[in-house]
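Naming follows writing order (A, B, C and D), and every chain is counted from residue 1.
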Amino acid sequence: MENELKKFDVAQLAHVEIFTPDPDKTLWFFKDLLGMIETDREGQSVYLKAYEDFYHHTLKVTEGKEAGLGHVGWRTSSKNALDRRVKDLEKSGYGKGWIDGDLGHGAAYQFVTPDGHPMEILWDVDYYQVPENEKTQLKNRPQKRPIKGVPVRRIDHVNLLASDVTTNKNFMMDELGFNLREHLVNNDGSEGGAWLSVSPLVHELAFMGDQLGGKGRLHHVCYWYGYPQHLHDLSEILTENDIKIEAGPVKHGVSQAMCLYAIEPGGNRVELFGDSGYLIFDPDWKPVTWREEEVDKAIIWYGAPLPYEYFRYGTPIIKEKVETK
Amino acid sequence: MENELKKFDVAQLAHVEIFTPDPDKTLWFFKDLLGMIETDREGQSVYLKAYEDFYHHTLKVTEGKEAGLGHVGWRTSSKNALDRRVKDLEKSGYGKGWIDGDLGHGAAYQFVTPDGHPMEILWDVDYYQVPENEKTQLKNRPQKRPIKGVPVRRIDHVNLLASDVTTNKNFMMDELGFNLREHLVNNDGSEGGAWLSVSPLVHELAFMGDQLGGKGRLHHVCYWYGYPQHLHDLSEILTENDIKIEAGPVKHGVSQAMCLYAIEPGGNRVELFGDSGYLIFDPDWKPVTWREEEVDKAIIWYGAPLPYEYFRYGTPIIKEKVETK
Amino acid sequence: MENELKKFDVAQLAHVEIFTPDPDKTLWFFKDLLGMIETDREGQSVYLKAYEDFYHHTLKVTEGKEAGLGHVGWRTSSKNALDRRVKDLEKSGYGKGWIDGDLGHGAAYQFVTPDGHPMEILWDVDYYQVPENEKTQLKNRPQKRPIKGVPVRRIDHVNLLASDVTTNKNFMMDELGFNLREHLVNNDGSEGGAWLSVSPLVHELAFMGDQLGGKGRLHHVCYWYGYPQHLHDLSEILTENDIKIEAGPVKHGVSQAMCLYAIEPGGNRVELFGDSGYLIFDPDWKPVTWREEEVDKAIIWYGAPLPYEYFRYGTPIIKEKVETK
Amino acid sequence: MENELKKFDVAQLAHVEIFTPDPDKTLWFFKDLLGMIETDREGQSVYLKAYEDFYHHTLKVTEGKEAGLGHVGWRTSSKNALDRRVKDLEKSGYGKGWIDGDLGHGAAYQFVTPDGHPMEILWDVDYYQVPENEKTQLKNRPQKRPIKGVPVRRIDHVNLLASDVTTNKNFMMDELGFNLREHLVNNDGSEGGAWLSVSPLVHELAFMGDQLGGKGRLHHVCYWYGYPQHLHDLSEILTENDIKIEAGPVKHGVSQAMCLYAIEPGGNRVELFGDSGYLIFDPDWKPVTWREEEVDKAIIWYGAPLPYEYFRYGTPIIKEKVETK
């Protein structure tokens, strides 16, 4: 039964921490353009949430020398589930140990992926304490919808570059019970990308091969709108405010995400998810395998091809010798 | 651990059977206007699916003397999960016994709710066998998107009228592991409605109090679009084709569903769900309680109030003495 | 040829002035929720525009004892056209004479409708002088799209209550060259409403019968979004901020407008137009006549019926003895 | 006054004729995927309309050896206006003479642009005679909205390649009273493109420089949806049915069109217009000039750059020696 339970032990993506060399502009991007709410500050970090995120924060923006991933936090489905996962992580060799917590949550167990991405797993969380003037009559929403920017609704997923997709994918499946939903499989049998989830979402976590040979890099963090029009609205806002839209709006084949990719002023890629994609309720889901010759439709179901840099740019940035395509 | 597992044992709403006194027109409604696909016929029944439903069918339309609910089918998360749930159902006194199956699935265990709504629970399902000309390159979609009507994407939920909401809600929670997500609580402590789910959806199943004192009636079955525009498109199509739109498009407070209610020609109410609502990932979700004085916002977050008949009409139809509002 | 020219002499609705007893809250409504831009202030008046309005202002908000219409301003298609229209207005008996102008425009000729609605007609206008930080690279847009509220794009039309629809309609057609596009005709031959335009829009101006016997009242002023989603976005914003949504989103039959009606805090009704309706390019358009028995579809093509007060409430407010529907 | 009247003499784009070497597949594209209605057939021609087109047809599909433009038909604002325009066309040297008419319209005067695009101008038109079962209660709509494909609403504009943009633009302005709304001006003073209209639409007609030195070629004909979601819906339908989407959905700077370009099976490019763009009501509109260094935002306001072939492909097709970009 412990084996049956494992795939239910991790419940959700709780938060992501990113580093930025330009916190003022990064915060302007997330707060003024994406309508996110600042909930706390401590040291070099500012805590943010979307208006339908229920917890203290889902994004921690920390000043750093360069852009990149701080860590990814996962919440388990119970205290028991946390204990079971920590026991396995300890055995795995990738566990790092407990911390007392952070603003917004209690004790967390830190670990790394085989590629070195810092992660933590936890149970105790603080809910957002909504100020009086932000209280809403919509009782399943933690606060009023903002009247600033084109406000994102909730955190959706994180996408990580990995020197080896398969090893990292297996680690998340074996130790944390993630399900493989879709993957790109090259003709030599290696995996170019893998989309993993613990819920009906197609992914809370993806790994894509790091074509520059980096380790532990961030490809993007994604916030969710649910409505295609908001990608169009945001595209205008970003263009008018000189934020680079790397790609989109387009529709991926993988995950059926209608999406837009922008580079926030600190240098990290941010995805905005503009519809509901599809949801996986089948408990016996067979992973969708996109073979090398099918990869075009996997990447773009409709819309323009992604630019070259999409497959190479990540944070921290690796400077490439200039080359033509 | 068995107790920990219970809330993961039921995976999803698999299918709904409805009765109709006018199968030709009911099928025209579902196939020509909602773009559903006929996958099979046997006896007095026709099997239908939406283009993103993966199984053999999600709707079974059976000729009957009057409109109403045939049965509701639930799929478990594994064969073991099915065994566990049947064991509990047998003890509950509401179990009816095994059937060999139906077109589209294998052995199923039949039971009723305390109110008498026929249900079944099963593990073995048949996947839709897509004809060559309907095959799509979008590998996570079971078939091409239809070019007929305003095609619905998948089954979403079923809403049942109950003589006593609390008893039926408790039965589904205790025997089948459903989670209570939202409910309406009257000042006398009774429940006017309860929304229950086994996934991040706010509900695959709702019970609402039957104000006409019926037992085991159907309020509506719901199919999902995900996009608000499609409710507008469908509203035009229904109006042009003389199908009664009972209400909508409006946005509920409960579940944040943007929705439309229509009465299919056989008499059953059908809901169309036009956005993604919100999803519940918090494993420690506290049910949202709408008190009697908050019920207006619960029912309609924005849009016109629902008509009187919404709260009384169900199938089979109970004829009321004519009275003014 | 003068007769041929008449129907091209008035080019567009230039601006509307409304009175409000609560200018602070009225301005908060238009600026913070509808994202309009304050461009000037003088005396008791504040001048506003939407981000795709090209002129100095399209809305003048003037403090007054009670809500109501200040005046409606029309722009002609040339200086000659202005002279021709003034000549006819002078003869009509409804002309009032020239004023030197106002902030934002030059000399204007004032007149009233037979019902007494104050209007003016003019040629010289000032274009909005956009501040440096609001300049956009989208050269056909006068300024950046705001990042506040759900920003409206441009003024659309004005709807006036009239003690006699036909007389007022004829005046606008005969003296100003408006075209009748649609009208409601009662069984006794009287008109319940008339929609008039000088462009492919179905109306820049409508008259509806004042069921309370008022004269010269305002039914609503309308701003335009063009996208249905923005009505849904605004509905949430209005609901969260305790602004009364009188009706909508619904789709009218007349004009095919998808719309929402709200009462701004000063008491005036404001319509928001959430799609493009249909446009009339046929130069030989036969007015659409909705007979008394067709009026339901004229008013609501799909969506809930309009509330009782929609047909009676206007500004200035006429207090009615309380009665039940 | 004749000069004042000239700019009002042409009222609208009435219809476009295209040639196709594969009429069956071209008709499948327009009827099954775009939901257009076949209204007549004669000889090698089939007549089609969108469901909100009021006349007998707006598209005439004629079998031909190769794809290309048959002719463009313009309707004047009156019989007098037609006489005035014909008088000027006769003097211009580009007039060809009268024809008795065609299915759907009466006498028409034929002419060519300086580049040789065949055109005609007319007053008498036939309205669509709607069959009983297609009649709608929406009295401003000529027929029911179809339940096939993703149905387009009306014809919007035609875009022609020209060996010299300026000459052709001037011809349409001088002889037919078109207004220049936007244009691309190269650093050497030549025009790369010009967008012209006789209504508040930014264009019913555009000329773009033919980079392959062709004469009289068609770049595209455009039908209108008005809703962005329909471009997303159609993108799926086209992709599933192996129709090439050349570009989009993207948003142009010029005209603010959200659009998609597809190549119909006969080889002609078709644009679908997915929102309302912006409308020009200012009677004193100064043409928007996009200089060479501003051309990127003119072409794409947001979305991916257009592919190379967009600027070279037209019909009839001119075969190019293969070269790399």
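Here is the rule we go by: contacts are C-beta pairs under 8 Å (C-beta built on N, C-alpha and C of every residue); 3 or more make two chains touch, one makes a residue touch a chain.
On a predicted model such as this, the values are computed, not experimentally measured, just so you know.
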Original post:
Which of these, A-B, A-C or A-D, makes the same contacts as B-C in over half of the contact pairs?
Top reply: A-D
Original post:
Can you give the whole-Å distance between the Cα centres of chain B and chain D?
Top reply: 46
Original post:
Just how far, in Å, is the C-alpha centre of chain D from the one of chain A?
Top reply: 44
Subject >> Centroid distance [mean C-alpha coordinates] between chain D and chain C, Å >> reply: 32
**OP:** Pull out every residue in chain D that's touching 2 or more other chains.
**Re:** 137-138, 227-229, 232, 236, 239, 301
Original post:
In graph terms, nodes being chains and edges touches, is this line, ring, star, complete or other?
Top reply: complete
**OP:** Name, in rising order, each residue of chain A that touches chain B in their complex.
**Re:** 1-2, 4-5, 8, 11-13, 52, 54, 75-78, 80, 137-141, 153-154, 182, 199-202, 226-228, 253-256, 275-276, 278-279, 281-283, 288-290, 294, 297-298, 301
**OP:** Provide the residue numbers of chain D that touch chain B in the complex, in ascending order.
**Re:** 32-33, 136-138, 144-145, 147-150, 227, 229-230, 232, 236-237, 239-241
Subject >> Residue numbers on chain A that touch chain D, as the complex places them >> reply: 228-229, 232, 235-236, 238-239, 245, 247-251, 258, 301-305, 307
